[in-house]
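Chain lettering (A, B, C and D) follows the sequence in which the chains are written, and residue indices restart at 1 in each chain.
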Amino acid sequence: MNRLHVELPGLKLKNPIMPASGCFGFGREYSQFYDLSKLGAIMIKATTVEPRFGNPTPRVAETDAGMLNAIGLQNPGLKKVISEELPWLSQYDVPIIANVAGSLEEDYVSVAREISKAGNVHALELNISCPNVKTGGIAFGTIPEVAKQLTRKVKEVSRVPVYVKLSPNVTNIVEMAKAVEDGGADGLTMINTLVGMRLDLKTGKPILANITGGLSGPAIKPVAIRMIYEVSQAVSIPIIGMGGVQSAEDVIEYFYAGASAVAVGTANFVDPLVCPTIIEELPVLLKKLGFEHISECRGRSWNQHGQLAYHRA
Amino acid sequence: MIQKEFCPIISQTEIAEDIFELTVKACLVSQIKQPGQFVHIKAANALDPLLRRPISISSFDQENEQFTMIYRKEGRGTSLLAKMEPGMELDILGPLGNGFPIEEVSSEETALLVGGGIGVPPLFELSKQLVAKGVNVIHVLGFQTESAVFYEQEFLKNGETYVTTVDGTYGIQGFVTDVMGNLRFECIYACGPTSMLKALEQHYSDKKLFLSLEERMGCGIGACFACVCRLADDPSGVSYKKVCSDGPVFRAGEVLI
Amino acid sequence: MNRLHVELPGLKLKNPIMPASGCFGFGREYSQFYDLSKLGAIMIKATTVEPRFGNPTPRVAETDAGMLNAIGLQNPGLKKVISEELPWLSQYDVPIIANVAGSLEEDYVSVAREISKAGNVHALELNISCPNVKTGGIAFGTIPEVAKQLTRKVKEVSRVPVYVKLSPNVTNIVEMAKAVEDGGADGLTMINTLVGMRLDLKTGKPILANITGGLSGPAIKPVAIRMIYEVSQAVSIPIIGMGGVQSAEDVIEYFYAGASAVAVGTANFVDPLVCPTIIEELPVLLKKLGFEHISECRGRSWNQHGQLAYHRA
Amino acid sequence: MIQKEFCPIISQTEIAEDIFELTVKACLVSQIKQPGQFVHIKAANALDPLLRRPISISSFDQENEQFTMIYRKEGRGTSLLAKMEPGMELDILGPLGNGFPIEEVSSEETALLVGGGIGVPPLFELSKQLVAKGVNVIHVLGFQTESAVFYEQEFLKNGETYVTTVDGTYGIQGFVTDVMGNLRFECIYACGPTSMLKALEQHYSDKKLFLSLEERMGCGIGACFACVCRLADDPSGVSYKKVCSDGPVFRAGEVLI
């Protein structure tokens, strides 16, 4: 019995588990540990038009049950991603979700247009929520009308479905979600990191060279679950959930909240084998809980049967 | 190949104030390529602390499948580590990175090994391997103060060894660089605080010089871009190396420190 | 040498450590463990005009390095707080900060007017940020203009300085802080809890009867530090910082960020002696770090000397 | 007085499937007033898990300053607890709350002690104290299944003991209430799942009946208002009791369960 097969716009997933963008590079490093074809999908590192070096180091700082990062969207740029990374990834039987970033609307549009042509890119993830870049970005992720416009523009040029990645650093997440749904988004991914900071006890100065960073890991899971619970009831597009996922139990909690698939970020750093481990443990846990298929869990926190037609295989 | 393994602790000893020597049994020893590589350790099974800690391999024994680390008890992770006892298991990822190239010195030559504080440990395996190869080895080991000094005897067995302390409570007072002027050598291998590495780079750019860098890490395997440094020669402004997977050892002049 | 004495509007504090509102009741329980006069101040449980039962149980749920609560402002009501709790507390030599809550503007105004007359109430803490009450509340804590108006109204009737407690669940915390400063706030307290949620693995339903709750504890500390860092540079009123404080080190980090005093919430549940322990350890730590007085730490993350005249004894 | 104490573990044994009996040395034993009180345990020195766990005192020994708990390994906290070994120390806060009033039965009378699953433990100390007082004691202990049954022999020593299992794999098949119809007693003391307590309250409102409640807790000492329940007679709509400090044992009819 296949308990894990899930279909989302543009994505036929063997299972609903995928590494989150920025926590898996372009897959090369983790391919040393396991066959990437085991994954439901791969969300690759943010891609911008030009190569970016990102922020100065230190770029990470540990926090209680979490970490801050301020990588600053370091990436080799659109051309190299298309000419080197995506072709390398095409050896694996796994759909790629390309994380699209930029400072200006044109940047997003250019990256989306080009990267969506790659054969193994099955969906885009519009990163309007990176807390670690100074220019642009913020407005896209916090002003509904701006997010909607950007989504619309990207939808116009993308050959594949577009998921918009929401920032949790807003007063009203439902409003943001509805705006990008209105803009034509095919799905949502949430949440990106919460803006946080740590200071060094000895110097009094920020540990991160960038001063602030994005908080990820188990610490933020309750915020993510709450936001997905709220948003999944207010929109009719599917959500890929993320934030502190470490185990099969966490995945089920995300489905209960209303997610249709789940991404794993920080946990990869703690255990490089975390994704295949979760994929292996999920069917056992589902069976134990009495579910024939993972989609039965979806939305159970707010709906008796937790199942919507569109994402069941 | 990098392995993730639960390694039983064989021994743990405090060898200087807050400095611990920890030996574990590990299959991953068979994968070690060079002195100067490191491992990434999870100090607790629980979430506290969350991230792994990078610690250098200070020596290893292929035959008995065990390796030793020397670390300073600092913050949360290393404090937890210091409480662990023989028989307990440690979640270790490794070996990681690229270490010191011993092929850069030949057997007639002299190598100078310069260590500062907790940068000393990886030099020990390096020293052993160089000596085994017939290289003449000189060690200059810098510490803050007497109570922080460790492994002097061990290094002495391999060759000439100078110990400096900043406060002069042991050995020669001053910095490692204060001793080096009088020594003759063809190649320097160094690990220690950034200020020390910078001083070496400035004064010994004419020599073969290999530096082991430190940077805060996320993944430890090259995936997260936490630990990058810029190339010294970087016309595009975006070229980089990752300390965890390209380093931690770089040839002086290759990257900006 | 007294390294800990701090003065803030209305408050001469022996030390800058106080239990946070809602985590210490009205002090009776913790008085079993130590002399409450050791504390810098006490922030008492939210008081509303009428007695409130609060939300149904379960009201708490554990999370990674944190907890959710949805107490729902249970309290015995203004009359009893004035006739029983405050007189009981007056046996201790410790200033009381009264946490004022309500659903309507009138409620806040009534509580503020009456409770500020009590002799041992040295300041009010206007709770415009409780995530666990359905009516009112939210607008006060998320719309700058509304928060400002409320602050102004309360200032008109209060006999003691008014601190406004900010919600972290907003897009722009600086805007909120400036608005209440404009409204006449004498100080800020921040942060209240982040809205979060947990689902039960077996039932799929929320663990909290109230569905969502407020996330507190070490998990939220990086968010609090970041917000205090931002706000302390933008306003000229002092900040009492809180969120995950557990140790003297945490207190210093809050001062570095820009706080002038620190409150301890959730940690009281983990260790009932946490406040006196911190108070004892602080001078030792300050000495070790080379500070003569804790005020030297203040704002060190953004200002070389970390010291502003108004809060130094 | 409530104490916070680091208590060395004396012994820990798995006495049924996932059921552990844990004995610690503790000065706080001198403060125990009644059977049915509980302690609040920190299962890790670290942050994971953060909160304490309420566990009943199942028996204690003033003279030797030790007490015993029996708990089921469930989630994170109790799983960590189950890994702890003699010699390790546990951070314990207690004794907390108000227990079973043994003064409510006199020596000629019969007390019925009704326990469900992990509600059984606090009844053991109660049973001991009632017997010591000369009260006739009958125990009805309900479990899910055979592998979950514990302490039958221990209770038998104190008096008549009926064991039920829901699936009939051991003792009498059914619920505790199925056995009770045939028994004569003046007073019931009960601890177990809410459904069991409700059934008792419904059928035995004519008897003296004391129920030990469970509720999720924050502080465990009455400060946070996490664990309140409503009074049964509540004209104002705002009256309450706290399970941690007013309870966990209440007279039936006093609070809504």
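The working rule: contacts are C-beta pairs under 8 Å (C-beta built on N, C-alpha and C of every residue); 3 or more make two chains touch, one makes a residue touch a chain.
Quick caveat: nothing in here was measured; it's all calculated off a predicted structure.
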| item | value |
| --- | --- |
| A-D or C-D, whichever has more C-beta pairs in contact | C-D |
| Approximate Å spacing (C-alpha centroids) for the pair subunit B, subunit C | 46 |
| Centre distance in Å when subunit C and subunit D are each reduced to the mean of their C-alpha atoms | 36 |
| Inter-chain centre distance, subunit B versus subunit D - centres from mean C-alpha coordinates, in Å | 55 |
| Touching two or more other chains - residue numbers and ranges from subunit C | 63-66, 217-218 |
| Overlap residues in subunit D, where contacts from two or more other chains coincide | 47-48 |
| Touch-based graph of the chains, sorted into line, ring, star, complete or other | complete |
| Parts of subunit A lying in touch with subunit C, wherever the complex brings them together | 63-66, 68, 142, 169-171, 194-199, 201-202, 204-206, 211-212, 215, 217-223, 225-226, 229, 244, 249, 252-253, 256-257, 289, 297, 300-301, 306 |
| Subunit B to subunit A touching residues, read off their complex | 1-2, 4, 42, 47-52, 93, 215-230, 236-240, 245 |
| List of subunit D residues in touch with subunit A within their complex | 47-48 |
| Subunit B-facing residues of subunit A, complex | 22-25, 28-30, 32-33, 45, 50-54, 57-67, 69, 71, 74, 77, 207, 217-218, 266, 268-273 |
| Subunit A to subunit D touching residues, read off their complex | 64-65 |
